[in-house]
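The following pair of complexes shares a single chain, subunit A, combined with subunit B in the former and subunit C in the latter.
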Partner chain A sequence: MSARKLPRLLQTPAVLLLLVWMLIPLGMTLYFSFIRYVLNNLRRPEWTSPSLSNWRGFGNYEFVLNSKDFLFAIQNSLFIVCSILFLTVILGILIAVLINKTFPGQGIVRVLLISPFFVMPAVNAVLWINMILDPVLGLQGIAVGSINELLDSLRNAPLLGWFFSLWPDLAPISFRATQTSAYAVIIMVTWQWTPFAVLIFMTSLQSEDQQQKEAAILDGASTWSQFRFLTLPHLARPIAIVVMIQAIFHLSLYAEIEIVSRGNGNKNLPYLIGEFANNNIGAASATGIFAVILANIVAIFLLRMIGKTLME
Partner chain B sequence: MGRIQLKNVTKSFGDVQVIPPLDLTIEDGEFAVFVGPSGCGKSTLLRMIAGLEDLTSGEIEIDGAIATQVPPAQRGLAMVFQSYALYPHMSVRKNIGFPLRMAKMAQPEIDQRVETAAKSLNLMDYLDRKPADLSGGQRQRVAIGRAIVREPAAFLFDEPLSNLDAALRVGMRLEIGELHERLQTTMIYVTHDQVEAMTMANKIVVLRAGVIEQVGSPLHLYHRPQNEFVAGFIGSPKMNFVTGTEAEKHGAATIGIRPEHTVVSMSKGSWKGRVGVAEHLGSDTFIHVHDTGVADMVTVRVSGDIAVKHGDTVYLTPQADQIHKFDAQGLRL
Partner chain C sequence: MAIVAKSSRFSQFGRPVLAWGVGLMFFFPIFWMVLTSFKTDADAVKPEHLIWFTPTFENYLNMTENYDYWRFAKNSVITAVLATAFTLCVGIPCAYAMAFNPSRSTKDVLMWMLSTKMLPAAAVLYPMTFITKSAGLFDTHFLIILVLSLINLPIVVWMLFTYFKEIPKDIIEAGQMDGVNTWGEIKEILIPLAWGGIASTALLCFIFCWNEAYWTVRLTTTDAATLSKLIEGNRAPEGLFFGRLSAVSAAAVGPIVVLGWFCQKQLVQGLTFGAVK
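Entry: the complex of A and B
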C-alpha cells in the first residue's frame, strides 16, 4: 500500500495545480454564462457585479444563439480552419518531399523555409495586408498595375495589338472587403504555418525505410505509386499530428482577423467572444462554452476521420 | 530462363574503386552464392545486377540481352532483402500481391497467384495480418512470396537469413534450397556465412575486395582452393597454415592442413603439442593445440569423442595426401 501511496502523494501538487488551472477558469466561465453580468449599465447597476441573484438561466445562451453573428461565426471558424488545414497539409507534403532530396544549399533552404514560423502573428498580418495584399501600395497592387501597363503597351503594338485589345484589364482585389477578408486570413496563416507542416513531414520522411523503396522499385512501382503506397501511409501519423495541433491553434485565431478587417465580414468564435466581452460578459461566457463544445466536436471528428482513412 | 552475364563490370564510389573489372557468368537454373568477408563488394555486385546501383563501366546481360540501361523492374529479377523490406501498412495478402498490382494484373488473377504462393509457403493463416504481427521467419517467407508471384527470371537474395536466430536459419536454409529444387530458377544469394554457401550453392563465388578469388562448386572449392584466402575462408573450423622449414619440406612457402585431415595420437606423430581448449561437441571434438613449433595454434577435428583436456600432450600427423601447398604469393602449387 505505502509503496503506491508515496508516488501518488508526490504527484498530487502537480495534478492539483493542473486541475486548478483548468477547472477554475472553466467554472467561472460556466458561472458567468448563467448570470446577467455586464461591465457598464446605468439603468441596472446591480448587473455590473457578478452575483447569483442575477441568475439568468439559459438566457445568455438564447441571446447568443439568436444574435445575427453567431451562426456566421461558427461557419466562418470552420471555413477558415479547414481551408488552412487543407492548404498547409498539401503544401507541406509537396515541399517536404521536394527538399528531402539532397541538393546544394539544402541547409540554407531549410532554414529559410522554417523562418515564417518565427514571425509573430500580428506582425505577419500587418506585413501581408499592407505590403503584399494591398490593392494599391502592396505587391499585389504593383503587380496588377504593371501587368495592366504591359497590356496597354501591347495593345498599341502593330499587327498583334487587336489580339491583346480583346484582353480585359486586371482588377486588384481588396482583401479588407467584407467578401474577401477571410481569404486574406487564410493566405497569411497558411504562409506562416506551412513551415510547421514541412518540418514535421521532413523529419518523418527522413525516417522512411529506404529498402522498402528499393523493394517497391523492383516490384515495378512508379514514383507516384511509391508515394501513394509507401510515403503517404508513412506520413499518416505526422499528418494527424499536424492537423490536430493546427486545428486547436486556428480555432482561436484573433490577431489576423482584428488587423485585416476588425471582424468586418470575417468573424470566428473567439472574435465574437471578444466583441461581446466589450460589455456583456455573460454572453461572452456563453459563447466561450459554445467554443469549447465546438473545439471538442472538431477534435473528435478529425481524429476519427484521419485515423480511418489514412492508417488503412 | 535466367542466364546472367557480367562483362568487365566495375563500380566506383567517387575515387574509390570498390569493384575492379570483373567477369562472371551465372547459368540458367544455377544457385550461385556470393560469399566473402563484409565489405568485399558482394552486396554491391548484387545490387548492380538488380539495377539498384549504376555500373561505372561494363555490361550486364540477362538472357543474352544487354540489361545495363534497363530499369530494375523490367529486368525480370526479384530480390529478397536482409531487412525483408515488407510494406508495413499492407496486409500479407497485399504485400505479396503488390508487384502484380503494379503490373496492372486483373484482381482475380492476383488473388489466385497470391493464394498459390501463400499455400506453398505455409502463409495461408496469416494472409490478413500486418507484417508487424509476424515472426521473423514468417516475414522472411512473405518476402520470398512477394518474389515468387512475379515468376522472375532470377531471384536475388541479399543476406536474407542474417536477421534470424540460429535454429530458424537452418530451417529457412532448407526451405530456400527446397524452393530452388522445385522452381529450378536461377538464384543469386549473398552471404558472409560460408556454411550457407557450402550447403546451398551449385556455384560459389568467393570475393575479396571486389575481386573474384575463385568460382566453383562447393566441394571443388573445399578440395582444391586456388589460393590461401579461399582455403582459409571455406571450411569450418578454418584451415591451419604452416610456414617455414616444415613447409619447405613439402617444397612450398606455406602448407595448409584442414583440421579434419590431421590424425591425433597420444603417443606418437609428426608434431608434438599441448592442448589448449578442447571443444567437445559430442559428434566431434575440436582441439586447439599450442606449442607445436610449426604454427601459433593448430586446430584439429576428431570425429566422435576423445578424452583430452587442457594441458595434455598430444601428437599430430597431417594426412600426406590432404596437404595443400601454396607459393610465396599464396597461390596453389
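Entry: the complex of A and C
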C-alpha cells in the first residue's frame, strides 16, 4: 500500500497550488462584489476598506447591470469574439484544405503561416495599429495617398480625364475611433489566430479516411461534394474545439484593446473591469463574476468534450 | 477521367501559387516590421523610401539607449526560464502520479485543473493587486514567476500526462521490482524515456510565459517589467519612432517565432488539451 501512496502524494503540490490560486482570489472577488468598496471617497471614508459592515447585497450587480458601459462592453465583447471566430474558422478551413496536399515548398509555407501565432500580443497590436493601419503614416495611409495621386494625374489626362474626375478621392480610415478600433482588434487577432485554426484542422485532416475518399472519387463525386459530405463532417469536432478554445481566450482579450483603444470607448469586459478597478472595486468585482459566468458557459461544453477523449 | 485531369492541373499550378500567396500574406506583417526596423525613423514614414532605402543598424544598436531594451529582455528571460523550470518541477511528479498510479479521481482532478485555466484573469484583477501589494510582492520577479507558473501548470501537467501515458507501465514496474524508489523511478527511468516530450512541453511553456500580456502588464511597473510591458508602454509613437519601435518589437518576438517553428505539433496538443488528434 505505502508503495502506491507516495506516488499519489506527488500530485498534492500541483493540486494545492492551483487550489489556492483559484479559491483565494476568486473568493475575494466574490466577497468584494457584495460590499461597498471604493478606493477614494472623501465623504464616506469607511467605504475605502473592505469590511462586512459595508454589506451591499446585490447592489453592485444592480449598479453594473444598469450601467451603460457594462451592456456596451458585453455587446462589444461578443461582437469581437464572434467576428474573430467566424473569420478564423472560415479562413482556417479554406487554408487547411488548400495546403494539406503536397506541393513544392509545403514546409516553408507552413512555417510562414504559423509565425503570426508566436508574436506576442503587445507587438501584434503595436505593429498593426501603427505601421500598417495608421491613416497617414502607416501602409494604409501610404496606399490611399498613392491611389489618390494616381487618380489626380489621371484626371488631367486627355480624353478620359473627365471620366476620372467623376471619381471621388479615397479617404483613409482612422482605426482609433470607437467602432473602427473594434475592427482593428478583429483584424489583428484574426491574423494571429487563423494559423492556430489551420494547424488544428490540418492535424485533423491527416486522420481523414482516405479509402472513403477514393471510393467517392470512383463514384464520380465532385470535389465540392467530397468536401461537403466527407471533409466537413470530419471537421465538425475540431471546429467545435477551435470555437470553444478561442472563445475562452478572446473573452479575456486584453493587450490589444489596451493598446489600440485606450480611452476611446471601445471596451470589452476585461478592459471595463480594469477601468472599474481604478476606484469602484465593488463594481469591478461584480463585473468579474459576470465574466466568470460567461466564460464558464463555454468552458463546461469544452471540458465535456475533452473529458470524452481524455482516458483513451 | 475529366475530373482527375482538372484537379491535377489545379494541384500542379493553382495550389502551389495560391498556397504560397496565402503564406506570404500571413507572414507579410512580420516581414514589414523587420524591414522597417532597418530604416531610420525619418525614412520609415516616407513613401519614397517604402522599399528602397539605405539599411541601417542604428535602431538595433540604440535599443538600450532608446528603450532600455536589455533590462526588459533580462526580466523576460529570468521570469520565463524560472517559471518554466518551476512548473516542470511541480508538473512532472504530478503527471507521473496521474499516469502511473491513477485513481478513480484522476480524471476529475485533471479536468478541474484545466478548468482553472479557463477562468478569466480579469475577474481576479483587484484581489491579485490587493494581495500582492499588501504582501510586498507587487512588481517583483518572484511574483511574476509564480503567476506565470500557475497559469501554465494545467497545460504542462496535461501535456506531460499524455506523454507519460504512452510509456508502457511494465518498464516502470520493472524498476519497482528492482527496488528502485519513487524518486529513482522518476529520475532514472521516466525522465530519460520521456525526454523528448518533456523538452517540447518546456519549450511551449516558455513561449507562453514570454508572450503573456495580462499579468505581466498589470502586476509590474519597473523592476520586474517584461517585454510585453515595454511594448505596451510605447503603444502610440505617432509616427515619430516607427524605425526604432520596429527594431525593439522585432527583437522581442524574433527568438520566440523561431522557437515556435520547432514546436508546431506540440502546440496543437498543448492548446487543444488533446481533444484533436
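By our rule, the second predicted complex is superposed on the first by the 274 of 312 C-alpha atoms of A that agree within 3 Å, B and C clash if a C-alpha of one lies under 4 Å from a C-alpha of the other, contacts with A are read in each partner's own complex, and residues count from 1 in each chain.
In this section, a contact is a pair of C-beta atoms (placed from the backbone, for glycine too) under 8 Å apart; a residue touches a chain by one contact, two chains touch by 3 or more.
Everything quoted here is computed from the prediction, not taken from an experiment.
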{"item": "Partner chain in contact with A:Q212 - subunit B first, subunit C second, else both or neither", "value": "first"}
{"item": "First (subunit B), second (subunit C), both or neither touched by A:N296", "value": "second"}
{"item": "First (subunit B), second (subunit C), both or neither touched by A:W47", "value": "neither"}
{"item": "Contacts of A:F70 with subunit B and subunit C, given as first, second, both or neither", "value": "neither"}
{"item": "Which superposed partner A:G220 touches (first subunit B, second subunit C, both, neither)", "value": "both"}
{"item": "First, second, both or neither for A:P116, with subunit B first and subunit C second", "value": "second"}
{"item": "Contacts of A:L230 with subunit B and subunit C, given as first, second, both or neither", "value": "first"}
{"item": "Between subunit B and subunit C, more extensive residue contact with subunit A", "value": "C"}
{"item": "Overlap of subunit C and subunit B interfaces on subunit A (superposed complexes)", "value": "217, 220, 222, 311"}
{"item": "Residues on subunit A engaged by subunit C in the complex (per definition of touch)", "value": "3-4, 6-11, 13-15, 17-18, 21-22, 24-26, 28-29, 32, 95, 98-99, 101, 103-106, 108-123, 125-132, 134, 136-137, 139, 142, 145-146, 191, 194-196, 199-200, 203-204, 207, 217, 220, 222-223, 237-238, 241, 245, 248, 251-252, 254-255, 258-260, 262, 269-270, 273-274, 277, 281, 284-285, 288-289, 291-292, 294-296, 298-299, 302-303, 305-307, 309-311"}
{"item": "Residue ranges of subunit A in contact with subunit B within the complex", "value": "209, 211-212, 214-222, 225, 229-230, 233-234, 236, 311-312"}
{"item": "Touch list for subunit C against partner subunit A, complex", "value": "3-4, 7, 11, 15-16, 18-20, 22-24, 26-27, 29-30, 32-33, 36, 45, 47, 50, 90-91, 93-94, 96-98, 100-101, 103, 107, 109-111, 113-116, 118-131, 149-150, 153-154, 157, 176, 182, 207, 210-211, 213-214, 217-218, 227-229, 231-232, 234-237, 239, 242, 245-246, 249, 252-253, 256-257, 259-261, 264, 267-268, 271-277"}
{"item": "Footprint of subunit A on subunit B - complex, ascending", "value": "50-52, 72-74, 77-79, 81-83, 85-90, 98-99, 102-103, 146, 150"}
